[in-house]
Amino acid sequence: MNKTGLQLQQVTIRFGGLTAVSQVSAEIHPGELAGLIGPNGAGKTTVFNLITGVYAPTEGNITFGGAPLAGLKPFEITSRGIARTFQNIRLFGSLSVFDNVRVAFHLHLKQGVFPSLARGPSFHREERQLAEQTRQLLDIFQLDRVRDEPAKSLPYGDQRRLEIVRALATQPQLLLLDEPAAGMNPAEKVELMKLIQFIQDRYKLAILLVEHDMKVVMGICQRIHVLEYGRKIAEGTPSEVRENPAVISAYLGQQPDAAPVQS
Amino acid sequence: MTELLQQVINGLSMGAIYALIALGYTMVYGVLRFINFAHSDVFMLGAFVAYYTARAFGRWGFVMGGYLGGIAILLLSMTACAVVGIVIERLAYRPLRRRSTLTVLITAIGVSLLLQNGGQLVFGVNPKAFPDIFPSSTLNLGGLVINSNQLVVLGVAIALLSALHWIVQHTRIGTAMRAVSFNATAASLVGIDTNRIISFTFGMGSALAGAGGVLYAMNYPSIEPLMGNSPGLKAFIAAVLGGIGSLPGAALGGMLLGFVETGVSGTRWSTFRDAIAFAILIGILLFRPAGLLGRNRVEKV
Amino acid sequence: MPSWLNRSQLLLMATLAVVGIAQSLSGRLDSYILSVAMGVGINIILASSLNLINGFTGQFSLGHAGFMAVGAYTAAVLTGRLAPQWSPLFGGQVFLLFPAALIVGGIVAALAGALVGAPSLRLKGDYLAIVTLGFGEIIKVIFQNLEFVGGAKGLNGIPDYSNLLWVFGTAAITVYTVWALLNSSYGRGFLAVADDEIAAEAMGLNTTRYKMVAFVVGAFFAGIAGGLFAHLNNSINPSGFDFNKSIEIVVMVILGGMGRHIGVILAAILLTVLTEMLREFGDYRMVIYSVLLILLMLTRPQGLFIWPTRKAARRQNA
């Protein structure tokens, strides 16, 4: 990603009568770990869907590295360097853990139909390389031990981590994580956040993280964007956001770090 | 001019029949989200029930040829078809409620094959001449030739469509039906017995198909076990054209298709009739998949 | 063994060799048995190629018979009507002319597959099923109206070039192709598309392209199967390639367990033989067939040939 990163300009989307995201502008800088927070139904997942081309904005523009993403198919956006995980896990359930990751190297494959049929030396070389890269990625998240299990048979937490591994395999510059710690216990959460910081550093990633646990978000994010009812109500460093009255009232007048964990 | 009027009348009566069948496809799709392939064979059964009842009536010395006799035959066919529809749903589709679309679709195709081939065994493969169950005469209005049967078709179709509209909009069970097709899970959460609604829907759809079968046979006076294929297909296309799941859409689609078809027949394209119908279907699915009156839904991710 | 030849390729060659031997001995076989055997082989080609589309890629095509028709007519016209023009190119040698005709038939069918695939790929589930069914029927109607190929009566007197070698050789190549295509990092994409299209797109897979490849490759082999069928049966007509034929192939794929190589082959064998046996029942044949189909869907929708304990392991080598 070059200097400009990801930019949302006045992005709006309506579903029938419902304006799920309204006039949202934001910028994610290269290499930054940013948070996206807001109560349930605020439009966080919808923002991810807009960025990745699953939905087209009703109004507004999204650019990445200075180039507009409008009209690109989701796979083309991924090829520009944006990868994501899904809040409601969408692994390839019947594929093995290993295959889930290896498939995601697709953008960087040299092989195709005919090499698969001819299975010459370069085909085998590439397959060996991919297997090794896949193994390394799985290792980081300690998933190599279950590499042959079908993804759908994994425990919930492992499935969430596998989604991250799979997204990493596309070799993104920007990674969108939609509640990656949902359903985990506090210890697992801490563990996961360490891993997220580790991969951010190791792969020089920008990360946009949706997470409900304020302690966690405040702890690791450099910058936080806050949504409520589809509008952006605040943006700033963790301490700025923590003090922001609009944010406090959005969380029912509670202290942000006492906000209930929502699914 | 008279020729055009003639075409309009032909188109209307054909379209009315398509509309009746299309409603069955659309109602079932509404509540169960699958295409009931066997629907067109229930249509065929309707014609056969009418055929055999008419013969039995004749043998027992009932007054034949009166309007009452015709209506009695029509109602009997509709009832028989409703029962068949409910039984099919009970035995073949209900056990598959949570299975993939593919499984259900193949089962429906199996039921359709069974009805067709069973029909060939029981009724024989040769076409049978369909008797006049309503008094039949030809009216000549200044060069415009109308078979009274066409008027009966239109009259019956309009009566049934109005009845259906009333049931769906103004009765408890109709409201429940709309609720189930809007959101089946939510409907069952508020205490609607979805299975009962689904049975009812199948019954109604099949009764309409049965009526369609009788009316069709009156205008095309010979029937055979595979007779459902082509009108069934057209009716399905009509349902998609109107927007599957939408009742007014099915009626509109049926009428449109009836007109297109009468327009095409008599030209040199008539042998391509089915292909043209399919081309329309494909065109719609590609360019306006929600149909003319249907609503587009965005998949939630 | 040379390093570039792996086990699967050796298996393919061994199969081809066995088929060659069988062919050389086929003179001693009963001609009825021989024709049933070839029917089995043709159905293996049809079922395996449809398995790529419906089983592995998770699409739902009901138009396979249409592609078969395109290949059948193309090959039959080439070996019959057009033979005088172009058979000299091959020195009039059947063993060159026939495969060339088959391949051209396959290519034309693949083009039809691309034509059908391109617009259909925006649709899913039963809508896709209906549209492919529609295309299949349109293909049939077109042949019915082409006087050049006999209209509704079809073509007769097609030379009986099909034999065990061509049929089972092609079947082996089809099975190998589908297998090899799937057993690669590229090929795992077909399965990913079947599992979750939205996730597949998000991982950078061009799902439209994958579906297109499945349609084109599937149609290619269906076309070749059509050519083999024409030169086995010696006559073809449009209604032989109708909706019911497509259903027959779909049923093989479902019986075989959707996306299982061996299961689908077994199902193709079983159903072909069963259909032959049901002939005895005359008029009851189709009734029995439909009842079996319904019962099967109600009791074993996952297919007949699933070994649950080894399921995970099999998926791995799928």
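Note that the chains are named A, B and C in the order they appear, and that numbering of residues resets to 1 at the start of each chain.
As a convention for this text, a residue touches a chain if its C-beta (ideal position, glycine included) is under 8 Å from a C-beta of that chain, and two chains touch if they have at least 3 such contacts.
Not measured: the values here are computed from a predicted model.
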Quick check: more C-beta contact pairs in A-B or A-C?
A-C
Averaging the CA atoms per chain, pick out the one whose centre lands closest to the mean of every protein CA shown.
C
Measuring centre to centre, with centres taken as mean CA positions, what chain is farthest from subunit C?
A
Where subunit B and subunit C are represented by their mean Cα positions, the distance between them in whole Å:
34
Report, in whole Å, the distance between the mean C-alpha point of subunit A and the mean C-alpha point of subunit B.
49
Per the C-alpha means, the centres of subunit A and subunit C lie apart by a whole-Å value of 41
Two or more other chains are touched by the subunit B residues 301
Check each residue of subunit C and list the ones that touch at least two other chains.
198
Multi-chain contacts only, two chains or more: what residues does subunit A have there?
54, 86
Quick one: in the complex, what on subunit C touches subunit A?
3-4, 6, 8-9, 177, 180-181, 183-189, 191-192, 194-196, 198-207, 213, 217, 312, 315-316
Could you pull out which subunit B residues touch subunit C in their complex?
34-35, 92, 95-96, 99-103, 105-107, 109-111, 113-114, 116-118, 120-121, 236, 240, 271-272, 274-275, 278-279, 281-282, 285-286, 289, 299, 301
Touching residues on subunit A, where the partner in the complex is subunit C
52, 54, 73-75, 78-79, 83-84, 86, 90-96, 99-100, 102-107, 109, 111-113, 115-117, 119-121, 123, 126-127, 130, 148-150, 166-167, 169-170
Seen from subunit A, its contact residues with subunit B in the complex are 15, 45, 49, 54-55, 86
Using the touch definition from the top, list the residues of subunit C that touch subunit B in their complex.
60, 119, 122-123, 125-127, 129-131, 134-135, 137-138, 141-142, 144-145, 198, 244, 247, 250-251, 254, 283-284, 286-287, 289-291, 293-294, 297-298, 301
